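Each of the next two complexes has chain A plus one more chain, namely chain B in the first and chain C in the second.
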Partner chain A sequence: MLRAQPLLLTLAWRNLWRHRGRTAAILFALALGIWSMVALAALSRGSLEGQLQKAIGNLTGHIQIHARGYRDDPAIDHRMPAPDAALATALTDPSVRVWAGRVRVPAVIASERESAGVTLVGIEPQREQGLSFIGTAVTDGRYLESPGDTGLLLGRKLAERLETALGRRVVVMSQDVKNQVGDRGFRVVGIFDAEPEAIETAFVFVGRATAQEMLGMGDTLSEISLRSDDRNRLEVPLSTLRTVAPSLDIEPWTVVEPLLTLTEKIVNVILVIWYAIVFAAMSFGLVNTLLMAVFERTREFGLFQALGMPPRHILGQVLVESLILLAIALVIGNLGALATVHALRDGLDLSAFAEGMEYFGVSPIIYPALSVGDVTMANTLVAVLGLVASLYPAWRAARHVPIEAITRV
Partner chain B sequence: MGVWKTSIVATALLLIAKSAGAAEASAAQIIKSAIDYWRDVSSYSVVDMTIHRPDWERTMTIRVWTRGSKESLVRVTAPPKDAGNATLLLDNDMWSFTPKINRVIKIPSSMMNQSWMGSDFSNNDLAKADDLIEQYDHKLLRTESHEGRKVYVIESVPKEAAPVVWGKEVVKVREDWIMLEHEFYDQENRLLKKLVTSDIKPMGGKLIAARERMQRVDKPGEWTDVVTHEIKFGVTIGPNTFTLSNLRNPRE
Partner chain C sequence: MERMTDNTVVLRNVSKVYRQNAIAVHALTEIDLDVPRKDFMCLSGPSGSGKSTLLNLIGGLDRPTTGEITVDGQRVDQLPKGELARLRLHKIGFVFQAYNLIPVLTAIENVEFVMQLQGVATAERREKALQILMEVGLEGLESRRPGELSGGQQQRVAVARAIVSEPSLVLADEPTANLDSKTAENLMQLLVHMNTEHNVTFIFSTHDKRVMDFSRRLIKLRDGRIVEDERRQ
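Let's turn to the complex of A and B:
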């Protein structure tokens, strides 16, 4: 068969040009299938990546350190001491890019007219830069200047709901360490915008020292959040931290936000299902086209065989034809998908029809992200399974008895 | 009804200690005197609280014990439906007892802005009584006259860190320390709600305003009236009155 390859290639190639319309149609169908697989994968990955980054930016970070019990009941009782020498040293390790301690407790915020339940977050303003969204989220007024800042950052949506505004005073009430009402007036010094909008109503930010004073916490904290270089390689920093602070609850984002890991799994499953559907449709089209071509050429194959061509070459001929079709379609489909991803590099804005998406933390603007794994999988799947599907028409072609095939009318 | 007045008094007290100017000192002094006058060393009173709404109205009879500016106990005695409901205030903390569920509940911070027993008073109006002395800067705006007596009009602005949502409060105090009006403004100087007293007559050995009405400006058809029927000042109050166990199991 090796020697016969140029001949088979020629025959297969010429056969494709015999019915240009038909070839073009099946090429289009195959290319569309490939395109949809790769483009959809890129969009899903992009959406997932956006969701992950947003969630990590929305105060999650890569690793969180709490007192035991805080994650079940984020109350002031579950607070932890400020990092001791050993923990502080571990936090300066190069694997930790940024870290910050926070006060994070449930509270009530009240204006003259309305009140709302929120999470009060006491932050170290400088340290939150690059760690969480709040460092860059203030769009009106100013950001907090120091941990002792007496101002408050309010989400735009919450400001509307409380009927208050930049420069006004609000009152924050919570429970202090002695289980009594800890409250204080704060002036709204900054309004922040965030995505999803629920963040704007869920959190208010004040200086960490101010919050500690208001709640009588001394220098204790509710949580420490940190970012490493790679969110998927946290084993080393995790084990270091757990060694120096065995009494604390130290968990990666995958544990703190299990929904995110679940979302990633769901996306993978959806992609596989999509691949299966698209591939099933594609392969039926491909097999059908090849079968048609084979039936048309019954007499021709009979003649080949009568002239001495072994059946495996006829099999090879059809397979090569299928391979050429698949190769061209893969090239067109992948190029099309690349072009689509490139065209959407500034984001695909679905906000017009996606109001509900925000509730699930899905950003309405999707930045497609091509992953090598997804592209390889789609291409391999189509090429290998496409060839396997073509075996049937090829086998039909090679099975003819020459005399019957030639004499067939 | 010392409970409500206490807030005003308390705020005034603090200011006196650290007032900067003479005018401020005197304004704060007036507020403090008014609250002290109303609150006395201790008091026991019986009042009717009427909650009025456009389509309904109901009246509760309430007994109130106070001692100093930090301790108050309020107990509903009628109608039978509400009888036994009680509220204990110790400084800024507040507990309520409901006989129907036989439970003492500490009012959490999240509920401090909510209405007290469905009235136009909020839990904060009761519990933050002391704040008017401690948390505000006072200024004498002008003087008026009322039934031939001088009335001080005092503007009280909450300090920056004060846990007070109002932009300012304006209090009118007559020269015999009877408080006539207490207005609450938002931070754009719009009047939001107003406490007005009337029916000044001698009771319990001194002149007091027997009727006070709390009303929100944006809801003209809704108000809460508190009418004092009986009041005694300087009474001796048992040592266990202001305790959680007495809140649950009344012994007087």
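Let's turn to the complex of A and C:
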């Protein structure tokens, strides 16, 4: 076969251009399919990545530490002690980039006119910078200055709902450690904006020490949240933390936010289904084109055999034609997808169509993210399965009996 | 297993029956034939007499219903497909009535085709192809594709392709059928030259009196049987 390769390549290449229109049409269809596979994967990954980053930034972090039972019932009863020396040391490990302890309990907030159920979050303002969204989310008024700050940060949407404003007073009530109602008046010192908007109505932020005092918690905490350098490589910090604090519930974001993990799996499944649909359409076009070419050249294939070309070379010739088509289409399709991703680098704004999606944490602006794995999978699938699909027309070409092929009109 | 013999082609009791629906058509019946090396032989007879069938069987393009066919010492009726292809590649040249050139290859590439399959080095096959194209009078037309050549020129390319690798045997089915008198005569003179200078055995099938006049042996077929075997000077 090797010595015939240049001949097969020449025949395959020139045969492809015997019907330029037909070849151009199938190339366009193949390239379009590949483009859609890669571009859609980039948009899906980008959307998913946006959701993940937002979720992680919206208080989740990479790892969360709680008292056992808190995740099932996030009430004050399931609080945990402040980090002991061993845990505090582990939290200063280089694998932990930033961490903070929080009070996080269900509460009711009331203005002069309205009230709403919220989650009261007591934070250490400086530690939250770089850990969660709240460090940079205040757009009116000021951010909290210390754990003992007596001000309150309110989401813009909640402020509208409560018909209150910056500088006004609100009352926050929650259950304290003695199962009594603990309440306190706060002045709204800052208004924050968040995405998705649901965050603005779900959380109010106060100084951690102020919250602990209000609820009689002493120095106990509801949770510790931390960020590492890579959200997908948490084995080392998880192992270290679980070793020094075996009585605590220490889990990565994938466990804390199972919906995100599920979303990632769903996206992967959707992509595979999409790949299968696109590939099926592409392969029908490819096989049809090759079959037409094979039927048209029945006499030629008979001639090749009469002249001494082994059937495997005829098989090879049709496969080389298919390979050339696929290679050109892959190059065009991938370049098209890269160009699309580049053109959308500032984001694809779907806000006109996707208001409701915000409630699910899906940003209306999607930043496409090309994944090497997705690109490799799409290209490998098209190249390998494309060749497999081409085996049928190639086999048809190779199985002709020379005399029947030559005498065929 | 290859056996050395003085005959390029030997047929023993060869019959070919085609089935058309339920009807058996006897294309050839009990043919016995010896074709010595360097023979220049012509098969003649009316349409349907079995000329083309006999050529196809000798060339291994088709298989006999019964009988033995030996080409250059090899039993072609028993060879598997791959071995048959190898035999055709190395020992048999074909010239078909309808030229049968490869349309996407130029004249010289068509001539080189068989040598390329044989694995002949590029420089050597290019030199041989140019030489044979010159001999068939197509110098300067090497780069033309079949569609850019006249019928006579195409047939000469097909002849050049058949003889360039000096096979033991060339089978030509009505080689002059589509040619004018002058071109046909030139072509036959070229084949005679190949026969005498390069020791190639030729078997033709033809209706053409001009071709028969060039042959040294004339076999007449009728209804699938040899009815006359005439040696000529």
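Operating definition for what follows: the second predicted complex is superposed on the first by the 409 of 409 C-alpha atoms of A that agree within 3 Å, B and C clash if a C-alpha of one lies under 4 Å from a C-alpha of the other, contacts with A are read in each partner's own complex, and residues count from 1 in each chain.
In this section, a contact is a pair of C-beta atoms (placed from the backbone, for glycine too) under 8 Å apart; a residue touches a chain by one contact, two chains touch by 3 or more.
Worth saying up front: this structure is predicted, and the values here are computed from it rather than measured.
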item: Clash or fit, chain B versus chain C on superposed chain A; value: fit
item: Which superposed partner A:307 touches (first chain B, second chain C, both, neither); value: second
item: First (chain B), second (chain C), both or neither touched by A:115; value: first
item: Which superposed partner A:175 touches (first chain B, second chain C, both, neither); value: first
item: Contacts of A:403 with chain B and chain C, given as first, second, both or neither; value: second
item: Cα-centre angle that chain B and chain C span when viewed from chain A, reported as a multiple of 10 degrees; value: 160
item: Which of chain B and chain C A:280 touches, first, second, both or neither; value: neither
item: Touching partner for A:331 - first (chain B), second (chain C), both, neither; value: neither
item: Partner chain in contact with A:299 - chain B first, chain C second, else both or neither; value: second
item: Minimum Cα separation, chain C to chain B, after superposition on A (Å); value: 85
item: Chain C-contacting residues of chain A that also contact chain B; value: none
item: Residue ranges of chain A in contact with chain B within the complex; value: 106-108, 110-113, 115, 117, 150, 164, 168-175, 179-187
item: Chain C residues touching chain A - in the complex, by the definition given at the top; value: 56, 59, 61-62, 81-82, 85-90, 92, 94, 96, 100, 102-105, 109, 113-114, 116-119, 161
item: Footprint of chain C on chain A - complex, ascending; value: 3-4, 6-7, 10-11, 14-15, 18, 299-300, 303-311, 313, 401-403, 406
item: Footprint of chain A on chain B - complex, ascending; value: 92-93, 106, 108-110, 112-113, 127, 158-167, 186-187, 192
